[in-house]
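Letters A, B, C and D mark the chains in the order given here, with residues in each chain numbered from 1 onward.
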Amino acid sequence: MAGAMSPPFPAERGIEVYNKKLGMWIFLASEVMFFAALIGSYVILRFGATGEWAKPGIVLSIQITAFNTFLLICSSVSMVKAYAAIQDGFPDKMKFWLLMTILGGAAFVGIQIYEYIHLIEHGFVPSGFTEGSHLAELVENGTLPAATMGLYGSTFYTMTGFHGFHVTCGVVSMLYLYLFKALPGKYTPQDFGGIEVVGLYWHFVDLVWIILFTIVYLV
Amino acid sequence: MHWWLPPQGSTFAQPIDTMFTWILVITGITFVLVEVGLVWFIFAYRERPGRKAFYTHGSTSAEVIWTAIPAVTMVILGLMSNGLWVKIKGRNSVPANAYPIGVYAKQFEWYFTYPGADGKLGRVSPSLVDKNSNPTGRDPADPAGTDDIIVRNQLHLPVNRPVVAILTAEDVIHSFYVPEFRVRQDVVPGMEIKSWFEATVPGSYEVGCSQLCGLGHYKMRAQVTVHTQADYHAWLQERTAKAQGEPTS
Amino acid sequence: MTTVAATAHATHAHHDDRSFIQKYIFSTDHKVIGIQFLFLTLFFLAIGGLLAMQIRWQLAYPGKPMPGGTLLPETMAPGGVLLPEYYLQLVTMHGTFMVFFAIMLLLVGVYANFLIPLKIGAHDMAFPRINMASFWSAFASGAVMLASLFVQDGSSRAGWTMYAPLSARHDYSGADFGQEMWSISIILFGLSSILGSLNYITTVINNRCAGMTWFRMPLSVWALFITAILGLLAVPVLAGAAIMLLFEQILGTHFFDPAAGGQPILWQHLFWFFGHPEVYILILPAMGIVSELVANGSRKPIFGYHSMVFAIAGIAFLGWIVWGHHMFVSGMNPTLGSSFMVSTLLIAVPSAIKVFNWMGTMWRGNLRFHVPMLHGIAFIAMFTIGGLSGIFMAATPVDMFIHDTYFIVAHLHYVLFGGSLFAIFGGIVFWFPKMFGRMMNEGWGKVHFWLTFIFYNGCFFPMHIIGMAGHMRRLYDPTVYDFLKPWQPMNEFISINAFLLYGSQIIFFVNFWWSLFKGKKASENPWEDNGLEWSCPSPAPHGNWETLPTVYRGPYEFSAPGASKDYLPQNLKLPTDRDPVLTPAAGH
Amino acid sequence: METAHKRPNYILIWIYLAVLTAAELGLAFELPITANVKLALLLFLAVWKALLVGLYFMHLKFEKWNLRMLAIIPIPLALILLFAGMSESIW
């Protein structure tokens, strides 16, 4: 114990990570738990479900989402390119890559909205399937299991919906950085915390999608 | 009114009460030590002019002692209660000769299904439930069920015979609770939970719902009557004679 | 990058030219936010208590018109007689308000905000604006929850644990939009506490002043830091669950609907996976505060500082693997039950360490019985009872009998009222001078303490006894059961004590408001304590210090041999002390 | 800024991810392997991709351990919740 008479000691001014970045990592830790609750419920419900789960590719279009996945991966790369660019002191390259990232993210959201509309038209809703819809027929002729359609809809819309919400937040915050920080040239090789911090968030959202794409669309 | 646990009405009661008493003794000793110690310190070490507190940052040996003792006690307790737990609720705890009684809970009443002569309960499925004609959703297709007897809010049990209550719920989570038997088991919709016990004292008791289940939760109560074997059979005969299977009360 | 500390230092020095709004309403100053939380939570504490009084009336005198009950609308209590639907709302909202908006916010809202920067020597939180957002989302969340009582069919009626499917379907519970409002409020609350937690964690890691090494941090800061980690990782799970519950109602999903393959047990797993860390969120900061109060009152260093820290960490770690002990009779996998029982029993060990260390701190001390110390001692005594009664329900077979009885109610109130609330009251009296620059009245403080202590025990101890008799929770009218009828006099006794208990809180509120304006002016360090917060003026100014203090020793150097007085502030430089080897602060 | 570490070839990572995604798509079609093998492979690929993003794009590979801990701590907790929940349907 540190007695009254103490030897010289280190100052301990925290870890060598600046507050915003540390805060973002801490926030991401809580995000992990949030998605753990949603994804965990999906896995638990599907694991415990009596009867078959809908086969992949029947309700959800793998092609579209595969493209969407690719889009998100690209936007992740462009984000990291923007980060590298400003680190090396090329603000214009940074602006370009940041804009690319924003466009990629926006496109992802757009495609997801299109996908939702399409699915709802076919009668795939959070509560399962609507009467007299195309999906109802598939359930009739046994292509889709009636027993688990309710859980399928519930989990699908909750997980992808909240992921989409996170993507939207990411796009908005990047747009803010682009308009009010990047364009006015507030970022320098010495100070580009905003890019790095939002980048971390963006990659996390990408990471979550990689998991979701696999377990929701392919399994 | 007696200031102790309710009278012991099942084979579980005695071991559980012993367990309770043991824990009470252990915690009681700790409790007295702590509280007496506190009072003693309050008087012995109250501030007085000229006194100075004894300057120490603690003692490792003391720490070790009061870490080890609770740890050991808790492990022993854990082993003790786990043995009992496995006997009561364990996966294969239900005795082979247990007498099945269907317990069907809904807002806010209990339906008890007794096997007829064949000693077997018929199949039930939630889809067949009909408020008036078929409250428990019994499946007419199953021959075992044809002679079943359904009684509303009245649980009759043979004494000294293991009984397995097969618990199902219609709407929300209820909880099957008979204080004298020391038996409590939530009744969860969508699950079929088996909970066994063996009544030891003939007499009348109460089933209470101990899981908040809605507006009528407080009055979701059923009468329990524990008969001698002979009386129980007499009662079952009389019930069978009555309109078969009709829910009556 | 510049840390907030640096900017704060630049901007907050000397004169303070912010408008009234910036200063007192949308303030980013951690102390103002802490005080805002204080007023908000004391309000909710009063509301929660008021609801409890109505519950107690109904239990003691079922079906009799409640005094003043006629003031309530017909939909709640026609002619002053409480309706079952209103009774269930009372039960649900009492739990919700007390757990989330009173105790939790009092600890992680008030104390974390007010104490952390002051005790670690920082100008402010790492993210002052996020801190403000955290307060206002908590405010909104509380407003929604309170409003839910007054919508069509009133608030949720499913108990604060919201067990599905009762909570998931309106036709089961009879509630209407109030049920959705519960979920919405909890989602907002989750947002608030996540923002708060990440702020506290960052601040403690990065914004400690020179010399404030990890093992020189006051135990209160340790407790709040670990609590913040618990909140950060547990609350998102609750938010996720609340979202699913909300979707059950507004989107017709089937997560908890057995008819469509959903699992009612899933809700319980999600809720208690949050709920048990939550239980420790509700007690750990109180333990930290009590450590301060007892060390100060005993004029003696904390006994076994390191093991105190490790005990907190141990409780926090075990807190993640014990949630199933709320579900022993829920139809959960019995093997899971066994493992949860073992981990639960193990929690008794770190708890015991803490209690014995507090006693060790008082042992051969020089006890000053000021009001905070009295509350500290009461905490130790009462928390011991609450902790010990927990062992009964940890033992699965015994739990099968006492689960969902008043034994549980007694247990949780001994921990949350006898534990947390005593610590909170003591803490308020202790840091009142630093908050408002005035002392609270000592005499009335003692009167309040003793009345609370007596009536509190009179109210909650008998609950153990009726619990042992099998008295179930959340019964609108216990006299329905023959085996409970004889216990009605006991219920009356409990209720009378409850009313007196609530009444004696009025003394506290009056004392609080009176001292706010008329209390005697406080010196810089009225309790002769060592913490850094006592090295800045009372009330602490905006920015706390013009130049940050330097720490030379641990926070509990009372009655140290070398010192002239019986206390030795952390930042007091003795001739023998050498200056810390300054390393550049993170991010500068 | 303290982020002065040697930089990975981001384009290479990107190609990695694209190829792995393509592999996942391949697995999505009817194949002469059991469902469980397919599941295992898909999860393996998913985790691999996730690790690539985490380690290189989020620079965890180049951070100190105290920061890596932040990313690691929640994962066992999530798994505890997952397996406890799953065990409900297999006893």
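Please note the rule applied: a residue touches a chain if its C-beta (ideal position, glycine included) is under 8 Å from a C-beta of that chain, and two chains touch if they have at least 3 such contacts.
Worth saying up front: this structure is predicted, and the values here are computed from it rather than measured.
Student: Going by the contact rule set out at the top, which chains touch both chain A and chain D?
Tutor: Where chain A and chain D share a partner, that partner set is C.
Student: Determine the shortest chain-contact distance, in steps, between chain B and chain D.
Tutor: Minimal hop count between chain B and chain D: 2.
Student: Going by the touch criterion at the top, tell me which pair is linked by more C-beta contacts: C-D or B-C.
Tutor: B-C
Student: State, to the nearest whole Å, the distance from the C-alpha centre of chain C to the C-alpha centre of chain D.
Tutor: Distance between chain centres: 38 Å.
Student: Counting only Cα atoms for the centres, state how far chain A is from chain B in Å.
Tutor: The mean C-alpha positions of chain A and chain B differ by 46 Å.
Student: State, to the nearest whole Å, the distance from the C-alpha centre of chain A to the C-alpha centre of chain C.
Tutor: Comparing mean C-alpha positions, chain C is 34 Å from chain A.
Student: What positions in chain C touch 2 or more of the other chains?
Tutor: Those would be 1, 233, 237, 262-263, 265-266, 269-270, 301, 305, 334-335, 560-561, 587.
Student: Give me the residue numbers in chain A that touch at least two other chains, ranges are fine.
Tutor: 1, 3, 15-18, 22, 26, 29-30, 33, 36-37, 41, 44, 48, 191, 193
Student: Taking each residue of chain B in turn, which ones touch at least two of the other chains?
Tutor: Answer for chain B, listing residues that touch two or more other chains: 57-58, 91.
Student: Can you tell me which positions in chain C touch chain A when the two form their complex?
Tutor: 1, 3-4, 126-127, 130, 194, 197-199, 201-202, 205-208, 210-216, 232-237, 239-241, 243-244, 247, 251-255, 257, 260-263, 266, 269-270, 301, 305-306, 552-554, 557, 560-563, 568, 574, 576-587
Student: Hey, which residues of chain D end up touching chain C in the complex?
Tutor: Interface residues on chain D, with respect to chain C: 1-2, 73-74, 77, 80-81, 84-85, 87-89, 91.
Student: Sort out for me which residues of chain C touch chain B in the complex.
Tutor: 84-85, 88, 91, 157-159, 163, 165-166, 172-174, 258-259, 262-265, 298-305, 307, 329-331, 334-335, 337-338, 341-342, 345-346, 348-349, 352-353, 355-357, 359-360, 362-369, 377, 380-381, 384-385, 388-389, 391-392, 395-398, 400-401, 403-405, 465, 468-470, 472-478, 480-483, 486-487, 558-561, 566
Student: For chain D, which residues are in contact with chain A within the complex?
Tutor: Residue positions touching the partner: 1-3, 7, 10-11, 13-14, 17-18, 21, 24-25, 27-28, 39, 42-43, 45-46, 49-50, 53-54, 56-58, 63-64, 66-67, 70-71, 73-75, 77-78, 81-82, 85-86, 88-89.
Student: For chain A, which residues count as touching chain C in their complex?
Tutor: So the residues of chain A in touch with chain C come to 1-20, 22-23, 26-27, 29-31, 33-38, 41, 44-45, 48-51, 125-128, 147-148, 150-151, 153-155, 157-158, 162, 191, 193.
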